[in-house]
Amino acid sequence: MHETAATKASALSLLEEQQGITRDLLGRLAHAGPRFWLVVTVLGILFIVGIVGVVLRLQGGLADRAKWGYYAATFAFLLTAFQGAPIVSLATRMVKGHWRRPLARASELFAVVGVLSSVLFLIMLNIIPPVQGRRTLWFEWPVGAPYLFDSLAVIFLAVCGLGLLYTAALPDIAAARDRVPGGRKGLWTALALDWQGTPEQWRLQKVALGVLGGFYLMFFVFTHLLVSVDYVMALVPGWKDNIFPAFHALVGLQSGVAITLVALGLLRWVGGYKKYIDMEQFWGLSKLLLALSLLWFYFQWSAFITFWYGKQPGEQSVLTFLMFGPYAGLYLTAFLCGFLLPFLLLIWNVVRRSTVGPFLAGCIVLVGAFADRLRLYVAAFSVEDIKLHALETVPATHLPDSADLMIMIGMVAGAILMYLLATRIVPPVSVWEVKEMLHYRVVRMFMKTRVVVLAKPE
Amino acid sequence: MAKRTALGLYKDAHAAAAAVENLKQGRFTDQDIDILSGTPYPEGAFGEHHIGHKLFVFPFIGAACGFSVGLLLTAGTQLSYPMVTGGKPILSVPPMAIIMYEGTMLGAILFTILGILFESRLPRVRKSVYDARITEGYVGIRVACDAQRFDAALNALKQAGADDVKFDTQPGAATA
Amino acid sequence: MQERVQISDEQINRELLSGVLHTPLWFWGLVLLLGAVAGVGVIAAGFLVYFGVGVLGLNRPVFWGFLITNFVFWVGISHAGVMISAILRLTQAEWRRPVTRAAEVLTIFALSTAALFPLIHTGRPWRALYWVFPYDFSRGIWPNVRSPLIWDPSAIFTYLTGTILFVFIALVPDLGMVRDRTTGWRHKLYSVLSLGWEGNPRQWRLQAVAGILLSALILPVFVSVHSIVSWDFGMAVAVETWHATVFAPYFVIGAVHSGVSAVVTMMALLLWIFKLKNYIRPDHFDALGRLLVVVATAWLYFYVLDFFFGMYALEPQEIANRTLIMFQWPMSFMFVLFALASYFIPIPLWLSRKNRRNITLMFWSSILVNIGMWMERFQIIVPGLMRKEPFTFTWGGYAPTVVELAMVTGSFALVGLGLLIFSKFFPLIPAWEQKEGQLLQDEVQVGRAKVPGLVHE
Amino acid sequence: MADRKWVMVVDADRCTGCEACVVACQAENNLPINEEEGFLKHRAFEWIHIERYWEGEFPNVKARFLPLMCQQCTNAPCEPVCPVYATYHNNEGLNVQVYNRCVGTRYCANNCPYQVRFFNFFEPVWPESMKSYLNPDVTVRSRGIMEKCTFCVQRIHRKSRLAKKEGRDLRDGEVSPACVQACPADALVFGDVTNKDSRVVKLVEDKRNFQLLEHLGTGPNVIYLKKVDPNARNGSH
């Protein structure tokens, strides 16, 4: 039942619609409102405060590991939430979901934060003790472990993310080069590498996106494995928990989805992209978030039930240390915000099919992720003698001082700042992908009812 | 009063839709008209009204029942037969949680099945006019109405270009 | 889907019912063959029950062997059904249509077969009832809910019940169709089974909703089943290599790996035996292959986590166990076979689209995967027991006996037999879903090209 | 009756590995007769057995003997995994096995880190002439069930009944399992640690004491005393 005349007519209107989109989205690129710059300045100041905090910390020296717990947690949070976000776009791209198109860029843009976390990692390197004579991922590996390999992983991840972002944004950059006047034209011309959108270029871009996407996912999981073991598990004596690296990465995926939801909400309500970002995107992501939240509980439960049933003294002390002892509060927060609240929110289809509900769930999950990272890293860093066979005495809680607070707030602010600045170079809603969608998403009559026809090109 | 039933069979779904339209114009309501097809059409394809259902209530009731049964069994057996094993508490919650979870899910599934049957009005014992060709791609439009409006119904069905029209011979009785 | 065939509903009915309405000679031949093999297995089981567990190759410390391995294996296979039907239903993957029912039915028979093994291999099977059922009200003697062996039956029972009902609900429209095509006692039978289905909008609407809702409900069960099976081992503090936190997700993903491979095998067989080339097309194998590449890689990740972080703590048993698996004949040989079969041969093959669309190759490689996964289960269970405790004095070995081999082989025949008999009574490919798929096909004009599309409500 | 806590002390320094305890246990508890095949198949019944480990390099090789029986763990891993409560902890600190309940899942044996649970793979048989030698106080186990050292619970009960009749508490050393009774080197000492002036209490406090696989937290009620030999390794080889 295809009415050819209708399709022709729609083809014409389609063209106009596409031009409209291009003009609109690139127009926003040309000039940002004062409100934007206000936010940027505020964030900038906070970022500087954060840097000051780091400097203060550095004066305390690197020897005392316990002092650096909050710094490490902040780094871990960036690695978890911000760098987890791009996976949302690449995963949904792999399954060819049309609903993803308007949100792909919003999530990919978070890759720029990789630069910040790589810089932060420089200090992390000097905090952990050498591997000799202690339980470690590397056994007695001769050279470079863990420092070399960990930093390589972190840097690769960042580079891969930037590559992904660049490849995905290339057509839009070219469009900006052609249309947007002003000082940044030179930059765009340089970046666009005379992209003309020939079929070969498009095909190449598609392949590149696939490959980079796969690599990013693998690097993400791998980096989380290294960091989680070298900076958390290996520092807690008697903690042998082989699901932990997977859990660490899982929280990454979960909070990646969450932070994307938050970004979408802000783009919709504050950024003024209501036209493009609609319930459909929130709906799709909220289903993903629900699944990942369930997995959160599943992974924690598998670890818990094994230790609880095992009843070995070593296991018991780890449970008390990380869940029910000094960090019970943080763990409770992580549990509520990482699993229970989002679960209770998102099982209702009414909530999932809204914009506010998923946004809210996203915020909650982010809080949970941060609490979880604090719990793990602060706890692990507060252990004195890591060469023991089992944790004999549970070390006391380590409370944040002013410097810690400055670091935590400042660095997160810095990450957001980078994101905002990036949106000045690359439109936060992918022009070419949204335009492409108009081809493949058609509304038609099916006998007496309206239906949506989704086409999936190979 | 006596009701009679007619069934129009259409090879072309559009024709069937037209028949429904005719009937609607003939002041036949959705209650009188039944659309029988061997394939699920998108909702409203024949201009039929939206079908409401309360299926989503059932799993929650089921879950509640299942959960309580699970709780009863696990807690009850442990308390009524208090044996210390491996230094675990007499009322060990984590194992209970696992079994209660299974109970909950089982309850939810069972009630959902019941809900599906109930909401789709199955099983259906009372036989009415039917034709085997419906599961062969034909669409059947069935009208049940008072004896005196019966001819109007037949005409409406025929007008839309029915490939075949069947009806019960005498009021009430059905032929298949 | 790329190449699209439009078949008349009448033809669909005829082709999908041929297996139900006519019984060719080969059918009886196959039934006899499988029956014989299964029979041998049953006789072996009789042996076991009559003479005692001694007829198995078990000893101290290896108290669990082939039979438990086989149990885990079949539970794993049973995860195919829900993986395919539920997840693909929820994600509205179009290519699921012909695959779903066969996969679910495979689940049913695999699970029932699996459930037999732990029961038979107990020392006193005739007493094992009160292991499961809290029936002894008079004396107030109850099963011990703290034991994973009580969690198991509860999970399996839930999963089995759920799947059977799920299959039935999705079967009702087709039963109506069969009812219209049969006469005599069969007509009566199917009239009863189809609950007087006549396909009005309400029934179809509920059918659609039911698919989604039941999928969503059965998915959590699906995850829990193999997790709980894994906890049979994970809870055992005495066997260092079993006592791993990663076991639950690791077992589940492994189950999906072997299960989906089993579906590939079965689809190929269906295609060849029932000549269903109009329904099972290279596209389906392509899609399944693509899915498997992802699943298998995820499985490998968890395998590495388990294998590596077992040794991470450098406990003597862990080291002893790894040395046994990797370097000591014949385990080392098995280890190499396992690695090649379960991942390193099939996955590289499936990376190329050409191979994925080559059905013969998919058939054999998917069988290879399941050989590998059977070994994987064995390597988890038995070596752990052989090098259980640091008291080297009681380290032991294990070699299966004829009885065990017969029972394992029999189990395969049993599942095959079940599927065959099911296919005699019900169409293994959902006819109505097939028709719906055709109805919803559409195209979108992009420039000069016609891009295949789908109608969504 | 009053809660007791039975404990056995094994002095590795005194043990000569003569295996008298093994024979005594065999006779007392109606263990099936172990033939060669049983040992070859790893199916022999030895509720208590002596594990022999060689130490040191030739020429100065030393044999170390480790008498091993059910450790009657406080947190016994074997107990919670039994689906039918066939094994549980009683108020005398004993880990008891209920033969009638047992269905033979063998899970308990898998989950015993000391490997001291034994399974009746076949129906045990005795020659006609030996039927009359069976101990009437001890159940003869049928096939398909699990069994293990009970600290000769039948002796404990007989003596406590006697004590009850005479209206007194059990005297220290009054109860002794077959193995303890038979040990010529006096390497095995058995007693109730709730009775403060018993011999085991003193031995338990000995500075040489240790438990097998302490890190598992099973809390065994069998206490071992180290060999007084500078280059001896402790029990957990």
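We just call them A, B, C and D in the order they show up, numbering each chain from 1.
One rule holds for everything that comes next: a contact is a pair of C-beta atoms (placed from the backbone, for glycine too) under 8 Å apart; a residue touches a chain by one contact, two chains touch by 3 or more.
Everything numeric in this text was worked out from a predicted model, so none of it was measured.
Among the remaining chains, those touching subunit C and also subunit D are A, B.
Looking at B-D and A-D, the interface holding more C-beta pairs in contact is that of B-D. Of all chains shown, C has the CA centroid lying nearest to the centroid of every protein CA atom. Among the other chains, the CA centroid farthest from that of subunit A is the one of D. Centre-to-centre, using mean CA coordinates, subunit B is 66 Å away from subunit D.
In terms of their C-alpha centroids, the spacing between subunit A and subunit D amounts to 58 Å. Remark: subunit B and subunit C have CA centroids separated by 30 Å (rounded to whole angstrom).
The centroid of the Cα atoms in subunit A and the matching centroid in subunit B are 44 Å apart. Annotation for subunit D: residues 75, 77, 80-82, 85, 216 touch two or more other chains.
Among all residues of subunit C, those that touch two or more other chains are 141-144, 146-147, 150, 220, 235, 237, 455, 457.
Within subunit A, contacts with two or more other chains are made by residues 305, 309, 311-312, 446, 451. The touch graph of the protein chains shown is complete.
Residues of subunit A that touch subunit D in their complex: 309, 311-314, 316, 389-390. Against subunit A, the residues of subunit B that register as touching in their complex are 13-14, 17, 41-47, 56, 86-88, 94, 98. Residue ranges of subunit B in contact with subunit C, taken from their complex: 34-43, 46, 48, 51, 53, 55-56, 59, 73-74, 77-78, 80-81, 83, 85-86, 88, 92, 95-96, 98-99, 101-103, 105-106, 108-110, 112-113, 116-117, 119-125, 127-128, 130, 132, 134-137.
Within the complex, the subunit C residues that touch subunit A are 2, 91, 220, 223, 227, 231, 234-235, 237, 243-249, 301-302, 305-306, 308-310, 312-314, 442-446, 451-457. Residues 41-43, 51-53, 66, 68, 77, 80-85, 101-107, 109-115, 117-123, 143-146, 213, 216, 236-237 of subunit D are the ones touching subunit C in the complex.
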